[in-house]
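One chain, chain A, links the two complexes that follow: it is found with chain B in the first and with chain C in the second.
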Partner chain A sequence: MTSRRDFVTVTLAAVGGALAPRWAGAAPKAMSVVHESSFIKAFDDFFVQKLAPEYEKLTGIKINYEPVSVGSMLTRLTTIVETKAGPEIVATGVNWPYLFDAGLVDVTDVANEVGKKLGGWHDNIYDAVVVNRKWKAIPWGNIGQLEVYRTDWFKEVGVNKFPDTREDLLAAGRLLKKKGHPFGFELGHGFGDNHGWLYPLLWSYGGREVDKDGKTVLIDSSETAKAVDFCRKFYQETMLEDVLGWTDVNNNRAFLAEQISCTNNAMSILIVAKRDFPEIGKVTDHGLNPQGPKGRFHLFNVQSHAIAAHAPDQAAAKAFLRWLYDDKQLSAWLVAGDAYYAPFLHGYDNHPMWNADPRYLPYKDCLRTSRLHAWPGPAGHQASESVAKYVLVDMFAKACRGDSTKDVIATAAAQLKQIYKAK
Partner chain B sequence: MVGGHDLATRIRRLYLPLAAFLVLMLFPFYWMLITSIKPNRELYNARIMPLIVHQPTLKHYVDLLTETNFLTWTYNTMLVAVVTTAVSVVLGTMMAYPLARMRFPGAAVVAIGVAATYLVPQPLLFIPMSDIINRLELGNTLTAVMLTYPTLLIPFCAWLLMGYFKSVPRELEEAARIDGASRFQAMVRIVLPLCTPGLLSAGIFAFTLAQNEFLYALIFLAKSEVRTVPVGAITELIRGDVFYWGQLMAAALLGSVPVAIIYSFFVDYYVAGLTAGAVKN
Partner chain C sequence: MAVGPASIARPAPVAGRPITLRGLLEREGVFSWIMLTPGVLFLLAFVAYPFFYGIFLSLEEHPVARAGRFVGFANFVILAHDGVFWQVTRNTFMYVAVTTVFKLLGGFAMALVMNQSFRGRNLTRAFLLLPFIVPTALSTVAWMWILDPTFSIVNWLLVHGGVITSGYSWLGNASLAMWSLIVVNTWRGMPFYGITLLAGLQTISPDLYEAAAIDGATTTQRFLYVTLPVIKPVLIIVTMFSVIFTFGDFQLIYALTHGGPANATHVFSTWAFDIGMSGGQLGMGAAVALAILPALVVLIVGLTIYLRRE
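Moving on to the complex of A and B:
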């Protein structure tokens, strides 16, 4: 034991484990945690080099960390849950706790303890991880999608602060495009940067895909039409034409190649710029998504840990999560992540990691206005199907390509009605 | 024929088309090479000529070899590809020969079954396969992929070899049988040597497929030290929405070297194999 806190944590874990109804007498020798490999290599390294050895030293349980490639986590998770074999602790993203509900353990007790100790959970996180009133995953952070822009070029056209409304951003974009610094917002079939700005755009005009009941498709509305019209104008008057074919990697590259002055992205552009292109890093900043007539919104990209139902010793897996989400471990791990993951715990609202660079702060501020893709509809299989089929992305992209607002909305409405089995 | 013409004609009719073809074929490798030796600053600079390297660097190769398990992945890939290719060619031959040369009830149905098995998409198979591998407790071992790759490769090799076996005249085999050879001896001494190009074609294709396979390797090989190149490189060299292009291209280039060497050794047989049956003697 290295401190009183360690002693208390491990003792509580051991007592909890002993009281849990299970047959196994001895603690497992090893457990595995599977994660999508982090953009921040130091985040993965910290787990492997610091957290795992420390836990083994404390409990004798070896923790194997298994990173999988970006985009492959869902395949891996499906295999683990369907075959009931493999790592005991699995990372989940966005609404996956809903998709794998039956294959994940109820971790309400752990979540409540963590929340109590660390200032309470943000209210809107319940939508992502609480399924049928049971916590099926414990979130460690959000990978926010915000506006990333060149401060020097914005200043050149007289914009000293990132525009607060969509119309102001459009006006700034027109000036910047004339100056040879167009915008570049992804409209292709990538995995995040397209949804990252298009769902908030729809919501900010009052448009919705589906109602709370998950049965009433709401996309065919005047609010959606206004969002589509704005998007077409925004594309035509501010952007590079080839954004229609972009995926997530393209806007990063274009920004760092100084081809675009503004995009919607996670913090990765700034982090790479600071590391490899310091002169671009100095003039890169973040802004919240601008407000539309019906408010300001952002998209959730929740990252969580869950326990697979096949885990032979669920009490031991819970004990590990209790230890991992203890302030001493979680805090240091988040610092290693360079504020890339914004935690959902109020106790971390003023965490020192936010002081490293004031440009990180919008990623904390956006949590309050973040929603899951299908909001206000339920976060189940249908929501995932809509995302996987790029219903919303294609609606906006086709409008930008030149299709009429009426046609693109009708196509999206038909697809959504089929997905939600609505009349 | 272009052999008998003067130099100008030869250049126009032979060397220019050949040069154009070479450029087309080698361009992807050239692109891999220059991307792997460009510093990041050049990779992201849209204002300079992208086909030339202005300040070449070996940093991406050094990083690839020192900061990742690339050499281990390469060893794993080669081991898996060699073993699965050998197993698949031997078993594929054993399956293809009777289907092509012997008359027995149900042969046609089995032959169609072989083709159909090859056509079953991997995404339908990976969960049941994973279940079997877990029951055998082979997760995170190279044996897992050595056992599963032949399920793809044996039907492929058998299907390819059936065509070659059918092209060998029966009379040759019958002559050997009359001279006292058993069916096995006739197969080993007469048919297989005549089908060497086919065996090499099947082997090279099987090797390439095994080397490039992604889905089973992703599912069964979770630890870095047992990964193959395709899964290892993508796991460690693509992070979020940032691609480590230099290292990725270095890995792709180095990863293609073994196949290039194998092709260069067997290219004559391989080409003969591709054109077998093209001309009726």
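Moving on to the complex of A and C:
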């Protein structure tokens, strides 16, 4: 050591070196999680009142919970990812891990650990959350879209079990409409209940929007034409005209007002009926989507947690997700959710939450036949654009209001070719 | 320390006077800029920046969460070949044109009535302003119930009044949905016209009416040759503002129909939002939003030139 200046430099470097690991590893004081508000209030309450305080007690890290109104999460997520600001742990739905791929952290390590501990992941979940072989989100459950129907009115027309095929459902609907109990399936610009039955309808007739390569538009086919013709007939012979303008609240409201006898929805109708309209709750049940000539399908609505790339301490965010997806926490949280979210972990295939009410079970059964919107095409930006532009919904809606099958398919094909940049 | 009163101190000669804050504030040029700065900064941050960023975005292919790629006018070319874009354009112009006429006529009538003397005039004025005061999101929810197929009070009244046998699908039928939105927008926007035109009417000197009456002018003539010419500048300004607001109307349509059924009520703002925020195509969304710009520029420039001539 030759001078005072050298002494000071070396001393500062040594002190800095000693403190640096502590600073770098210092846990954040707080983290935030943003979620779409759950239809099941107890699910949100459980997080805020039980999980967050427990984690704070354990680690000293406060977990803030930011609920976003139903249907607004995509907008919130776009803002968070584009501005690189806001909560570090974000909820994702449907194909969003693909949409926001570049703005989300690779959580493969956490997903593998969770899968190993809880019996392994369902095979088809990889399509929804694994982007370029990296897990971009960790799913906690699926909000299934199934047939919700009035058992008493179906019995009145001699249908004691929910119809297994589309033609049988049409036949039942005809009888029920004549009896003053029409069907009500959303054909307007809502965010979920329209897609929830129209994509499975297309697939069940063999129709597809786009091929696996994401370049070949397949919508213009005889299979699509059959699906469109069926939809028109189904609408005209079983439904109210108003469904063409419905958004997601309308079918719930109409079912609970005893205006319709069947719709396609998540479990929320039964849950609200049991709570607020017990007499209706007693005569409400669920059925899987009916089979078409080419099989039975359902739409995925995968709910997951992801870590935004701007998170200042990604290790801390991962640590929280590890803890949250530990059986002790996750299991209790799912029970609080009243089986509204069907988990994708084989360890939960026979979870006690499914025993609460046998009417919940179809929401578990539908997982095997669930696909993302653009299936079999890739779940990327183009898929989201097609959904946002209501290409498929409007194709069916226009046919229902009276446009020709040929015209509506041609319009949809032109839109899809523009979206997928296909010739 | 003893300090003499300021009034006793002799003012320093102008030349060579040191620059003081007070001196600066007294200069009109400096003071006006100081007063303007907060407003200008606010406008730059919240109007100019988003506007120019919007133009920049519209020239890019910019999927959400990814870097944008400059594509020039490609987004606009794609839009020009998109049938839905032209449907949205027709919807927007029809929505703006019809609501503007309704609001103008209704608002003018409202202002003329409110300008008369009658018992309870102030209370009536306050009530007529309600649609404008209530937050749009709240009033839209009320309209959702009014137009709801199951609970619609309009349908209930029409059915129970024996006018129709079964209720209309106010938001499910493509034409009715557009007309329903026009009615709601008119309901909400009319008080803006009413109150602004009323302010204009109150500036008209009663002497003018008296002079016209002495000359033998009828009520219609007094309206045409006294009221209308005096109020014309206000009328033009209020119409211009209203057209701009209506072009950008979003909440009402988004909440009531979300552009459905089958795009029958989509306007530029709702379609741009869907493409940009739900579809993740920020560049294309910005291009749709900017598609209103030429129409607005023509309108604003035209009206400004007209007003200057006046």
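Rule of thumb we're sticking to: the second predicted complex is superposed on the first by the 400 of 423 C-alpha atoms of A that agree within 3 Å, B and C clash if a C-alpha of one lies under 4 Å from a C-alpha of the other, contacts with A are read in each partner's own complex, and residues count from 1 in each chain.
Quick note on the criterion: a residue touches a chain if its C-beta (ideal position, glycine included) is under 8 Å from a C-beta of that chain, and two chains touch if they have at least 3 such contacts.
Owing to the predicted nature of the structure, the values given are computational and were not obtained by experimental measurement.
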Quick one: is A:T78 in contact with chain B, with chain C, with both, or with neither? Answer first, second, both or neither. both
Chain B versus chain C as contact partner of A:T108, first or second or both or neither: neither
A:D242 in the overlay: touching chain B, chain C, both, or neither? Say first, second, both or neither. second
In the overlaid three-chain picture, which partner chain does A:S331 touch, first (chain B) or second (chain C), both, or neither? neither
Considering only the touch criterion stated at the top, classify A:T165 as touching first (chain B), second (chain C), both, or neither. neither
According to the stated criteria, A:A257 is in contact with first (chain B), second (chain C), both, or neither; which is it? both
I'd like to know which partner A:S384 touches here: chain B for first, chain C for second, both or neither. second
Is A:Q415 contacted by the first partner chain B, the second partner chain C, both or neither? second
Figure out whether A:S221 sits in contact with chain B (first) or chain C (second), or with both, or with neither. neither
Common ground on chain A, meaning residues reached by chain C in one complex and by chain B in the other: 75, 78, 82, 190, 253, 257, 259
Residue set of chain A touching chain B in the complex reads 32, 34, 37-41, 64, 66-70, 72, 75-76, 78-79, 82-83, 85-87, 143, 190, 192-193, 248-249, 252-253, 256-259, 265-266, 268, 272, 276-277
Please name which positions on chain A make contact with chain C in the complex. 74-75, 78, 81-82, 99-104, 187-190, 240-247, 250, 253-254, 257, 259, 381, 384-385, 387-390, 394, 397-398, 401, 411, 414-415, 418
Listed in rising order, the residues of chain B that touch chain A in the complex are 40-41, 44-46, 126-127, 130-131, 134, 139, 215, 218-219, 222-224, 231, 234-236, 238-243
Contact residues on chain C for chain A in the complex? 63-66, 78, 81-84, 148-151, 169-174, 177, 257-263, 274-275, 277-282
